[in-house]
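Worksheet: the structure to be examined is printed underneath.
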Amino acid sequence: MAFLNPSSPTSEKLEKQFVEFRHHLEESGNLRERIQAVATEIDSVTRIIYASLLLVHQCLPVSEVIEKAKAQIGVLKEHYSRLSEIVRECPGQYYRYHGDWKSETQTVVSLLAFMHWLETGTLVLHSEVEEKLGLIPTELGLDVDDYLVGICFMSNELPRYVVNQVTAGDYDCPRKVLKFLTDLHAAFRMLNLRNDFLRKKFDGMKYDLRKVEEVFYDVKIRGLAANGDSVGEKQAQGQS
Amino acid sequence: MAFLNPSSPTSEKLEKQFVEFRHHLEESGNLRERIQAVATEIDSVTRIIYASLLLVHQCLPVSEVIEKAKAQIGVLKEHYSRLSEIVRECPGQYYRYHGDWKSETQTVVSLLAFMHWLETGTLVLHSEVEEKLGLIPTELGLDVDDYLVGICFMSNELPRYVVNQVTAGDYDCPRKVLKFLTDLHAAFRMLNLRNDFLRKKFDGMKYDLRKVEEVFYDVKIRGLAANGDSVGEKQAQGQS
Amino acid sequence: MAFLNPSSPTSEKLEKQFVEFRHHLEESGNLRERIQAVATEIDSVTRIIYASLLLVHQCLPVSEVIEKAKAQIGVLKEHYSRLSEIVRECPGQYYRYHGDWKSETQTVVSLLAFMHWLETGTLVLHSEVEEKLGLIPTELGLDVDDYLVGICFMSNELPRYVVNQVTAGDYDCPRKVLKFLTDLHAAFRMLNLRNDFLRKKFDGMKYDLRKVEEVFYDVKIRGLAANGDSVGEKQAQGQS
Amino acid sequence: MAFLNPSSPTSEKLEKQFVEFRHHLEESGNLRERIQAVATEIDSVTRIIYASLLLVHQCLPVSEVIEKAKAQIGVLKEHYSRLSEIVRECPGQYYRYHGDWKSETQTVVSLLAFMHWLETGTLVLHSEVEEKLGLIPTELGLDVDDYLVGICFMSNELPRYVVNQVTAGDYDCPRKVLKFLTDLHAAFRMLNLRNDFLRKKFDGMKYDLRKVEEVFYDVKIRGLAANGDSVGEKQAQGQS
């Protein structure tokens, strides 16, 4: 490839350098394409899981809804295992390509967290998500920011859940969700968040909290809350 | 038209070519103008229909509201018949000019779908829209994407309808609309939508769903829902 | 797939319709992907051709430069043959997918036109481009707008060519290019262009014309033009 | 810190997790601040170097201009040494923070490349930049993209340089720069650039090339070029 004056030794070095760059760029381009292909597949699985979980808003039995969604976790695990293999090929460059699977992983966290909460009423821990996905921290760990953003996304789903549960007659749900969200919000407040994407998502959590508080208020003021310490119209009328 | 050196045979060919292009561009320009003229008229009719249908939010009797709107369908039919004639002049170029009547047709679909739903409580089918408009698929069919986008637009109208119906005392409306929207949303989820305009419109449908859920919740928690398992103020008052 | 209430006959029809849509969307999605894959390959070939043609600015012999570029036309032909096959699968939908290969084809036209001009000094005709690419108008013809936009792109390359040719000592080049561009500009002016992309590109052609006129002026005023009717300093000094 | 119900063991784990996150986020926040502080200092030095180099456009002797600029390289070296120390604290996270010093480094490359070119007439190699800055590839290497973007920036400086040199009477400068830029452009074309920032910067290089070609043309047509095949005014005057 004699695109430069071949007589000069400088030109030779220059050509050699660009030949190397070409290999370098091709290699990283290929790597990126492979990563993006896996990310696309992860995205497809999260759509399937989300479609299953949505049925919880139509008040199908939680166990049934979860069952279907859980069946997909194995598939996710396989995709992350492939991702891990690819990233292992370029040690120390996790964060070079991280942007290519970041948003997909945030969605994965939000779905796993929602499922976990439906089953246990507690927040799935960072280490538990890694375990569910078969992630090995020394190879392809779960970025803390991705975990936290995913949790914020999960919080966004809760107001709708509460509304539909109350409609279906579960009047104790708002209290439980409010307790959970209040604790979660308090936990996030411990963090000294920079002025970034995560901070913005966390700021949105307060609207979820407010909405759930309003539903809890509606239930409480009508004396529908389970534990009987009803107030509102009932009490007021009792005094009349 | 001797704009080029007439002596050269190349110039003659060149001139001949541009004379042809001129005819070609004039022809397609005229066609486009005629199509846009029809599209403008379709747009006018949809404004009239929409103005009639809006009265449903003021809780006029549905039959009366529909009657007025229906009277315009014949006019729409005529316009589409003219459109079909024009498009027939340029076989195989439906999609060349499609952009010129696309958005008008999406609005037409949304209005027909809303009217159909008001009358029957069901989703108007693609083939039914074609029939109502006198469209012959082999000549000027209804593009599937336009049908689907139109249905999404129709969904956007439902939260407002529900709110106004409840205000007017129809407490069973939220349940029916919620059932309809939930089924519609599930049907759309079957489609593997690409990341395009239709996908964006479909993503918006979940806000309609959520809003209707909230109205249903309001009605339910106040024991206003038709099916009698009333709670809230009603119950509280029963205790006084 | 019982996502809807299976008891109702309407729901059955609705489900059937969405199943059909799903197939329809998958099919057109696949088609589009295949078209985009071919377009990407066409794009790669045009880069190779362009890289070869650029050497003309370094004043390598035209015949040599053209030779290399021409070797790629066969590859282009194969790609367009594949494109034609794909488009044949969906009769009457050429313009539905046209946007996916339009800009690549405009570049192809500009390169073929530049090569043709370098060899013959004349404008390649629309029919000649079709012939070079093996396009059959009844199957996958060359859109007239794409041809015209491509010619405008080709015109943009000419000022640079003229500058470099004069630098290399070819003082007759500006006159020839100016004649060509003037005729081309006149030919375009015959067309009644709408206010669109093509019109904008054509408007840019006048800057190419002006630049070439300036180079011609520089050459002429210095008595460098081939045909000896020199003016400027020479004449002025002759009078002293 | 009893922000959660301390009785529940889940809450304890949750609290423990967020305490860890807090440390984690503080640590990475501090790291980022320290990196940004160094980047700001690198930026200051590049401004000083650029201000010195600008004098080359006023045609001060190159050696004198370079001398002043070179004096700052030691300072740059120290800053990069500090940067390297900081990045060493977080192994495998080079690309996590890379965005914080990327653009400053691209400017550094462009300045070093310009100085190198002024002194030697050749392109500074990637390895030479690393050497000048005391960068050790295994610790804090120079990202290939940053090197390439920096070279593009350097190319942007050349048209202005050529114009000012010709103004000052150096008529051989355009030929030399044109040769250099043509080779550089050819070298870049070897790379199969993705559609990203670097590609965009490279696309801009052709305007530098064109501008230098035009200056070379001006010099040549007036018979000012060094190699004697003068034409134009000179010749015309010879005839008088």
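In order of appearance the chains are A, B, C and D, and numbering begins at 1 in each one.
The definition used in the following text is that a contact is a pair of C-beta atoms (placed from the backbone, for glycine too) under 8 Å apart; a residue touches a chain by one contact, two chains touch by 3 or more.
Since this is a predicted model, take the numbers as computed values, not measurements.
Visitor: Starting from the defined contact criterion, work out which chains touch chain B and chain C both, please.
Guide: none
Visitor: Between copies chain A and chain D, are the contact residues mostly the same numbers or mostly different, with half as the line?
Guide: Same: most residue numbers at the chain A-chain D interface appear in both copies.
Visitor: Could you state the distance in Å from the CA-based centre of chain A to that of chain B?
Guide: Computed value for the inter-centroid distance: 35 Å.
Visitor: From the mean C-alpha coordinate of chain B to that of chain D, what's the distance rounded to whole Å?
Guide: Distance between chain centres, rounded to whole Å: 54 Å.
Visitor: Averaging only over C-alpha atoms, locate the centres of chain A and chain D and give their separation in whole Å.
Guide: 38
Visitor: Residues of chain A that touch two or more other chains: which are they?
Guide: none
Visitor: Hey, which residues of chain B end up touching chain A in the complex?
Guide: Interface residues on chain B, with respect to chain A: 182, 189, 210, 213-214, 216-217, 220-222, 229, 231-233, 235-237, 239-240.
Visitor: Touching residues of chain C toward chain B in the complex: what are they?
Guide: 1, 3-5, 10-11, 13-15, 17-19, 21-22, 24-26, 29, 91-96, 98, 122-123, 125-127, 144, 148, 183, 186-194
Visitor: What residues on chain A touch chain B, complex-wise?
Guide: Interface residues on the chain A side: 51, 54, 57-58, 160, 163-164, 166-167, 169, 215, 218-219, 222-224, 232-234, 237-238, 240.
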